[in-house]
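Chain IDs A, B, C and D follow the sequence of writing; residue 1 opens each chain.
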Amino acid sequence: MFTLRNVSVACRRSAVLTWRGISQRAVQRLDISGVYPPIATPFTHSEDVDYHRLNDNLNKYADIPFRGLVVQGSNGEYPYLTPEERVEVVKKVRQALPKDKLVMAGSGCESTKATIQMSQRMADVGADCVLVVTPCFYRGRMDSRALINHYAQVADSSSVPVVLYSVPANTGLDLPLDAIIQLSQHPNIVGLKDSGGDITRLALIVHKTRSQGFQVLAGSAGFLMAAYSVGAVGGVCALANVLGQQVCELAQLCVSGRWDEARELQYHLIEPNTAVTRQYGVPALKQAMEWFGYHGGVCRSPLQPLSQTDLDQLRVKFTSNGWL
Amino acid sequence: MFTLRNVSVACRRSAVLTWRGISQRAVQRLDISGVYPPIATPFTHSEDVDYHRLNDNLNKYADIPFRGLVVQGSNGEYPYLTPEERVEVVKKVRQALPKDKLVMAGSGCESTKATIQMSQRMADVGADCVLVVTPCFYRGRMDSRALINHYAQVADSSSVPVVLYSVPANTGLDLPLDAIIQLSQHPNIVGLKDSGGDITRLALIVHKTRSQGFQVLAGSAGFLMAAYSVGAVGGVCALANVLGQQVCELAQLCVSGRWDEARELQYHLIEPNTAVTRQYGVPALKQAMEWFGYHGGVCRSPLQPLSQTDLDQLRVKFTSNGWL
Amino acid sequence: MFTLRNVSVACRRSAVLTWRGISQRAVQRLDISGVYPPIATPFTHSEDVDYHRLNDNLNKYADIPFRGLVVQGSNGEYPYLTPEERVEVVKKVRQALPKDKLVMAGSGCESTKATIQMSQRMADVGADCVLVVTPCFYRGRMDSRALINHYAQVADSSSVPVVLYSVPANTGLDLPLDAIIQLSQHPNIVGLKDSGGDITRLALIVHKTRSQGFQVLAGSAGFLMAAYSVGAVGGVCALANVLGQQVCELAQLCVSGRWDEARELQYHLIEPNTAVTRQYGVPALKQAMEWFGYHGGVCRSPLQPLSQTDLDQLRVKFTSNGWL
Amino acid sequence: MFTLRNVSVACRRSAVLTWRGISQRAVQRLDISGVYPPIATPFTHSEDVDYHRLNDNLNKYADIPFRGLVVQGSNGEYPYLTPEERVEVVKKVRQALPKDKLVMAGSGCESTKATIQMSQRMADVGADCVLVVTPCFYRGRMDSRALINHYAQVADSSSVPVVLYSVPANTGLDLPLDAIIQLSQHPNIVGLKDSGGDITRLALIVHKTRSQGFQVLAGSAGFLMAAYSVGAVGGVCALANVLGQQVCELAQLCVSGRWDEARELQYHLIEPNTAVTRQYGVPALKQAMEWFGYHGGVCRSPLQPLSQTDLDQLRVKFTSNGWL
């Protein structure tokens, strides 16, 4: 039998956090555990935000045991919205959503200054926390020093908690482990959404940050079960826009330790999930939403509708796994 | 001796272009050949745009035989500027610049709609042409179909000519060859700035588009001579912010066929160029500008100043090549 | 509650396999489930294979509940051995090993012909099955068609079962999913060692092949628990050369459903595992073996010993996780 | 007008080289300038080396002004040959080739020891110099230290000059610049074949090594003209197996400063070159050889023949550029 030497088995440190030399009582961190759909933004045919259809979707989501909604994750086409639209959508979602559901609002911009301002505006219209994607245009210079500085400034100034967001498929940048570890000590940074899918890295992040009460969310339904197995506490899953009940069911099976059932369900979610994310992207997500009774509709240009071939392939991913 | 069969040796087609089935007289395209610095944006210590220092730089650039200036290429930190700042900087540059120098304004945004609007606003304040970077956040969906559609919409609506801009180091995306070829037939798309540095691709682009009068600009001083050797007509070179006279000299040597002298000069520009671009980025460019009598100064956060080690290394790249 | 429609829940098909139109009784496949160290090859100071030290290691491994040993995985420096040495090492290992332990011998070569011959020679000296790495030098041409053809030829001719081996960190090539699915139907291909670490892909492979009785082994201790959670049946883990007892313990905890204990142990194995694989490679593995009472020693050139700095870092990865 | 300060304009140092502290007279280096086809290895239908057809090809190549032949570059399928076959092919080529043509023999293996032995065997059967590809299986550990050590050992022991060979498309590894610079000082290392196609890097290599008399060869006809423009002295070009006369003509135009004619010819060689290398690989090269009167034939498995679609596309690349 093996023994761990020299290591006090990790236990949640509830006492004193040190951030930049200032010792302070650990604040009770916002509990963000659970499942979130990163909601899509419906548009009219003239490409304006369609608040009516958005509201319809929100009403349907109300019946699903989500922890909350992510507004303006990558699937919300936030890079295609004006700053005003970004704030307005968050505001409308908050108004429509029951109070016990969290609004996690994507406030990331390329500059620190713009991110601080956007975070504040979103908090002002009711966001419960902000999800801040790594700035990435100058990715060659976005090392740990730059990213720690960026996030610390944003967290220092934000009136609501901050969730880190690493999504290398879109940004070409993985938030480095050492930056995450250091930032996990910031009292206003409560967790991370990691969409990279490297399960070894994800486990190590949990290992290195759980003593801070730092919470890790899987960024995709494709590895949700594996993420739970190594200590994640939830997921932000594009597929939950389409199969929300099922993704919540998968999370619940994991939380309650019913791994065999979880595994069976996980298997049947992988292909649909890959199809609406990495493979065919937001246009596919919006198309699949239509099949399941939600409003998806067109994307803003330059995102194009799927070709008929892609559409057919997409549909097979749902039918062959028993969902259509 | 070899012979080319079945191929009419390429000649500039001056007569009739076909775009979307509409036959039309070829417009006389704007001549964009020559050297451009993609100018940096000086900031005050509170990170506001420093128009005074910008003006000083412009005055110094007036003595150098540039074809014009690129305002808000990647080195201008445009992703860190607000839309209003982007337009204002273009306006100020146009006012300060002699009429015979071109203002090529970077108007690219992620959405087609925003790019169209930004292009128009920049044209309205005097931009001679717009430089449109590939949208890239959803790079997995930015195939030729999406990009052709995007650029065609922008070019259709723009009152000034459009220059395509491919910069994979920042965007993670190479504008595909087939898209370039098709877009080269659009009467309002006059050329391409290619920063990728794949000289084989660049030569092939010239080969496939020169009959349209399409003009290719090298996106870096590192391969400027090689680009000229295969048919490029100029360059947008970060290094020209620092060693503008020398980059123009290199271009002139190439144009006049003095390749041996050009080669010697090219050799000594490679390391300084790499240092202010790929290696240490915009902070290094701005630092080097200070050494050569220009205002560089700080970058907006999250870009950080260079460490002392990097600074020392940067300086060596200039001293060891005889420039300091 | 969700339901799966149109899908007969996967059940192990025990009856009839079809391969190339030939219907046949499903052979009882070799059970390869469990943990394997991919053993290192000790060398003398003149870089000859040190069979004496190899034997010492084998004697120590005999006390650990491994399913067997992998001889000439990537950690065995097989690309540095002559064909004769490769066969001789397998022979010596088989002679030293108790009969109930499997010898899985790495027989992959670049050409199909050489792989067939090497597989046969290894079977002749007692290998229980062969592990066949993807050929990779012409990776641009190694599509599913080429790889299916390669593996089918090898499996057709081999007198012992074949295990597929995908290790993109070394080969730059991921064995494509569709190739794996098709090859899983071959009666002489019993499983896959996947070292890529993409847990979503790994789960999907299990989902798509388990009805064939196809067995998936994790290629690293870093994601061993997650792999078990999604249906893998074992692992080939470099770290098991060093912490063999602990890796077997982790596997046992997973198999018996004691996930909470497994998780704690998994956490403390990640950093040591990364250190002896991706981070510092075979020289680090051999160094760590020395710390834990095994013979590691030098690698063949061009692999170099670790620098002192790397050595110190390596040691920290073991001490900080309680293993030294 | 610019001036270079602090830099003595590079001049060929003809006097004393220092290598590992041993001062020695600079040997007269072997002149390797010119064009080489990296010849293909014809096989019989049973996949044996077809020496008869090889001889036919050599006879045809005799009429073309090549500087010599590369035997067992990547296009020679050397990873698919046994050590004995590798030596035998070199021997046969040397016997068939006029004395004034160089045989540059690819002797690279994964281990230093095997590379040393193979180099010696090839020298013994008449190779004039050896071309040594970077070992790559453990690419994560193949840093400058390892590679310098490897090449220095090989060069120390070799009775014929050594040419470095960097081919990242196959090896996933770029021989680092600092390693090249240091190795260029070794009296028995005469040059580099660089197949990467990064023209900026290539120019910098020439800049940093020409004082040693180090010679750089372009590894592809796609960027041959650009390579000459920045100081390369020749090329090893797959396309020269097919269009040998034309590639030599291009080289001659560059050497004699007739850049405008060179450019026109270069344009028409790019697509055929890409097609027989990166795009469709060795099977395409061998197919194209058949069209131009050479023996190409099948590749060894796992390389597969082209599909009909690929074949048609390949042919178009030659016809549309006037070569068929």
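Just so it is clear, contacts are C-beta pairs under 8 Å (C-beta built on N, C-alpha and C of every residue); 3 or more make two chains touch, one makes a residue touch a chain.
As the structure is a prediction and not an experimental result, all values here were calculated from the model.
A.B. asks: Can you check whether chain C and chain D touch via the same residue numbers (shared by over half) or via different ones?
C.D. replies: Copies use mostly the same positions to touch.
A.B. asks: Average the CA atoms of each chain to get its centre, and name the chain whose centre is farthest from that of chain A.
C.D. replies: With centres defined by C-alpha atoms, farthest from chain A sits D.
A.B. asks: Measuring centre to centre with CA averages, how many angstrom lie between chain A and chain B?
C.D. replies: Centre separation, chain A to chain B: 36 Å.
A.B. asks: Report the inter-chain centroid distance for chain A and chain D in whole angstrom, where each centroid is the mean of the CA atoms.
C.D. replies: For chain A versus chain D, the centre distance works out to 49 Å.
A.B. asks: Show the residues in chain D shared as contacts by 2 or more other chains, in ascending order.
C.D. replies: Residues of chain D never touch two or more of the other chains.
A.B. asks: Who touches whom among the chains?
C.D. replies: So, checking each combination of chains, I get A-B, A-C, B-D, C-D as the touching pairs.
A.B. asks: In their complex, what parts of chain C are in touch with chain D?
C.D. replies: Per the touch definition, chain C meets chain D at residues 47, 74, 79-80, 82, 110-114, 135, 137-142, 145-147, 149-150, 153, 169-170, 172, 278, 280-283, 300-304.
A.B. asks: Mind listing the chain B positions that touch chain D in their complex?
C.D. replies: 1-7, 9-10, 197-200, 203-204, 206-207, 220, 222-223, 225-226, 229-231, 243, 245-246, 249, 257, 259, 263-268, 270-271, 274, 319-324
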